[in-house]
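See the structures that follow.
There are two complexes below, and they share subunit A, which is joined by subunit B in the first and by subunit C in the second.
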Partner chain A sequence: MTDLASNDRWFSRLNTLLLILAGIIVITPTAWMVLSSFKQSFEVTAYPPTLFFSPTLDNYRSLSDTTPFPQYALNSMIVTVGSTSLGLLLGAPAAFVASWTRITWPAVVTLVARMAPGTLFLLPWYLMFRQFDMIGSYWALILTHAVITMPIVIWVLLPFFDNIPRSVYEAAQVDGCSPFRIFYRIALPLVSSGLAVSAILAFVFSWNYFLFSLVLSNSDTKTLIAASFNFIGEGSTNWGGLMAAATLIALPPLILATIVQRWLISGLTLGAVKG
Partner chain B sequence: MSKSISLRGQMAAMSAPSVIFTVGMIAFPFFYTIWLSFQTMSATGTIRYTGAANYVRMVSDDQFWNGLTITAALYFLSLVMQLICGTALALLLFRAKKLPGIVRSLFISPFMMPPVVAGMMWLVILDPSLGAANYILTSFGLPPSEWLASPGFVVPTLALIDTWQWTPYVALIVLGGLQSLPPSVYEAAEIDGASKFKTLYRITLPLLLPTLVTAAVLRSVDLLRFFDLIYITTQGGPANASSTLNIYGFRTGFEFFQLGYASALMVTLSVIVFGAVLVLNRLRTAVAW
Partner chain C sequence: MASIRMRNLVKHYGSFPVIPGLDLDIADHEFVVLVGPSGCGKSTLLRVLAGLESINSGDLFIGDVRVNDVQAAKRDIAMVFQDYALYPHMTVRQNMAFALEMRGMKKPEIDERVASAAAMLDIESFLDRRPKALSGGQRQRVAMGRAIVRDPKVFLFDEPLSNLDAKLRAQVRAEIKALSQKLRTTMVFVTHDQIEAMTMADRIVVMKAGVIQQVGTPEEVYERPENMFVAGFIGSPAMNFLPVTIDGETLRLKDGTSFSATGLFAADALARASRGDACLGVRPEHLMVSPDKPSALDIEVSLVEPLGSDTLVHFQLGGVACIGRVSPDLRPRPGDRLPLLPAAGKAHLFDQTTGEAFR
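Right, the complex of A and B next:
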């Protein structure tokens, strides 16, 4: 019996050790990126690479001098906030109706957008927006990014709406409440945490999305993610600046993801997995 | 009577914006691309119906077959690595029981960062001459690698990066599956004196199969249309060695402006993605318990 117990203890020690090792593998590349962003330009390309150095903020400071970084950041903000709001505006009532009527096929149709390669929609969008002279406009980017955000909002909110007992709706109906009133007076407040989760996930996915703004933006409306492509071209000589840009671009999604980590997996898998 | 009409009317009014948006931004472009795949655009910009010519052209297009091969290689390599590493990591996390929030944040950081940032970061780490990866290799006496710059090694390298990024995601999905398994089966196995490995192979893994297939479905959708990381790091190079179908289709459309042929490529890729999802979903019902 004691043998088994000590066996068990060794097992859980090994478990902890392997877990730490996995953690190190996961975090090292990111840590290297952040570390490199604080290195002087001569040090960041030093070979052998250095682990200890006197940190500097030069790379961050020079970002706004050498690139239109603040403008790109503003563009990213406009497109992301715009498409997240649009996604909520379209998706929240749609999820409510789908949950109330139990008619979910329209929601399933939006999954096509989630599964098909973005390039499938990009050609017609390009022709459409060119027709309306909207290439390079914020609206083209907000509308296309809403194709990402709306399905997220619908599928994250559906289980939240489903959790509201039907008796709540019935009681409200008896009191003469119209469905529209029930939606914004009763249902929406009850799913407020779902709204927050869906908004944050939509924000992260819109922020991270590369392809649409690569094609549909111009130099004035380019998002940070699309501009990264240019940073790399210029960054071949300036790794410090490149890593500073990469760190700043990754910061908003990482902070937001930490806030919603409890709902992250069920949200990301669109309800396929309860995490 | 009038009440039920107003109920229906209000329901319709509330879903109308999303339906209009879905029709305009998703359904219409979807069918337009299918239509476009049967057309050819001439140099003067006029569009002409050419039947299945674009699809026929695909059959004899080496670049298409190259793209298909690379897509398949990248898909299977990444999926297998992520499922194996993800399951292993999930088992470790499950045994550790309590997870501090900071550890969870650490594990979600790779897949919540933009793939584009992951690309920038790995470009620097894997730089053939000054990168940290080659320094580590050579300091262990191993030969340095060209990584993303090597035509022979670019696909495994991309698969490795994607595995680094998405293994924790698979792990958290599998962890959810592990936590939902009934504890009674473990207790029964323990009473029967089953060893740890026997319990794992005979009980845990078979019960986990539906979760694993779910993870495979979710990863398949992303892996088959692999784009961001490749476009940022290699743009399909060197020498088209990482030119997946998605990359090839994109370049055909937006670099060479062959809209008809690009549409045919995109439709083909979509059929592959939807086909994989359907097959895996079938598999999921088959292994459900």
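Right, the complex of A and C next:
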């Protein structure tokens, strides 16, 4: 009994230690980014780095003075909300059908497309969108970002749909539901937490996706993440401005994740474990 | 209300014939129980009736309508599932109203029907609760309520009592029986529990490997089983089967023990069996302790199972393990010897090769 209690204590201490270590690894770059955004440019790259300094909002001011930051933010929001909505619109029924028919290979295809490097798609897409005169349009970005969001929605929702007992669908069939009605009256409400989780993950991935916007947008439709690239010059880099931009870019996903963190964790676990 | 007709109905899963060809008539208002061991095709047949499984060939009629290609939604049947299949995100009231909404029924009529069914099943007090806040028995009632509100042509029950404890099962069994007499709707009930079949059915359909073994009233399948499968499946403990050789009016067991067959069998089973090998079937409750009969078989009790109302005694007869049901007042003990004899007219004779009963 004593040995067991002693073992438990050690495991508990080890657990705490590992959690602290993981916390440090995750938080350090974020803290570095946030702190650097309040430093003068020369302080950002100073060695050894300074922990105590006179904070300044110069980087944030220069961001709004030298760049159309609100426009970029709006572009990011339009593209992210659009591609997340499109991902949900296509991914949720696709996941439902894959679960219903137990034919999952199309879902695997979307996953392979998601895992493939983005550069693979760039040239064909560039040529295709140029053909349709869509380069620089929001639609080009929304459609291409749907390649990021849709597989996430499908693969997050698939286990949620699988968890619904088949008899519930059959009861709905007997009650007079068409497959479409079963989807939106029975299945969708039952996977609401999965929908929230997939929407948040799709939002974050789309918001942070850099490559497609870099190539397929123009100055009017450039997203925040692509615009932040402007701070990196050939001769010198405005680290302070870059850090300020990165901090602002990270805010929406961070706020979103903080608000729904409990839901996010329980939703992911619920979907993964078959009851 | 409607009758059901199945004609040469065939259902395959891939190349495996679950139902190789089945004919069955179920009359209007009849309560039919499909019973058989796991994998006998009874649930598949129910799902075929519901329209949840398609038919490979044959004809299925509900009323006068051939429903082979009619979707489940349009068959006007209601089904109670084994796990109840209630909609977890809806309240009890919404669960019951859902099918009526799907039909486009007006809200006042929906409310009236739900209230009426809820009163009938005594579930009014939890109409606004969700299924997860209900006990197993309450969920079962809601599942029945959901079926009742629809006033369907046919009710289908897929082992709805299997998730209930023994006490609740007996109670709900009686309630379903009472409900069937009240509603007078055609009902098809699937179970593997022969007690449920015996207590509830107007007629029992005993199935094995997708083939109907016997269709009859509970009394018929119990008293006049058509083959050894039905005889062994219906009744608990199962019927004892003893290989015997018939020699005129005498039966000889494999160990050489002989006893008179006079009066043991109903009708002229013995005459039909003629001479040769056969299988004697005797239910445990039809083995009588007969100390005053010189022809009684002398057995040695190997195991005793007191059930309260009666006592089961295990013994070997002619090299076969058998069970007898005797009065608890007898207080038998392992090692005791008992004189047993099949009750007059209650024994059965089966063809040893085909398993068919001699009648």
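Details
We adopt the following convention: the second predicted complex is superposed on the first by the 213 of 275 C-alpha atoms of A that agree within 3 Å, B and C clash if a C-alpha of one lies under 4 Å from a C-alpha of the other, contacts with A are read in each partner's own complex, and residues count from 1 in each chain.
The rule we apply is simple: a residue touches a chain if its C-beta (ideal position, glycine included) is under 8 Å from a C-beta of that chain, and two chains touch if they have at least 3 such contacts.
This is a predicted model, so every value here is computed, not measured.
Using the contact criterion defined above for the overlaid structures, shared-chain residue A:P189 touches subunit C, although it does not reach subunit B. In the superposed model, more residues of subunit A are touched by B than by the other of subunit B and subunit C. In the superposition on chain A, A:T144 makes contact with subunit B only, while subunit C stays out of contact range.
Of the two partner chains placed by the overlay, neither subunit B nor subunit C lies in contact with A:V108. Look at A:S178: by the touch rule set out above, it reaches both subunit B and subunit C. Of the two partner chains placed by the overlay, only subunit C lies in contact with A:V168; subunit B stays clear of it. In the superposition on chain A, A:M33 makes contact with subunit B only, not with subunit C. Common to the subunit B and subunit C contact sets on subunit A are residues 178. By the touch rule above, subunit B contacts subunit A in their complex via residues 6-7, 10-11, 13-15, 17-19, 21-22, 25-30, 32-33, 36, 89, 92-93, 95-96, 101, 103-110, 112-117, 119-125, 129-130, 132, 135, 139, 164, 167-169, 172-173, 175-177, 180, 196, 211, 214-215, 217-218, 221, 224-225, 227-228, 231-232, 246, 249-250, 253-254, 259, 262-263, 266-267, 269-270, 273-274, 277.
The touching residues of subunit A, when paired with subunit C in their complex, are 165, 167-168, 170-178, 181, 185-186, 189-190. For subunit C in complex with subunit A, the touching residues are 50-52, 71-74, 77-79, 81-83, 85-89, 98-99, 102-103, 146, 150. Subunit A contributes residues 11-12, 15-16, 18-19, 22-23, 25-27, 29-30, 32-33, 36, 45, 47-49, 89-91, 93-94, 96-98, 100-101, 106, 109-110, 112-128, 143-144, 146-147, 150, 154, 178-180, 183, 204, 207-208, 210-211, 214-215, 225, 228-229, 231-232, 235, 239, 242-243, 245-246, 249-250, 253-254, 257-258, 261, 264-266, 268-269, 272-275 to its touches with subunit B in the complex.
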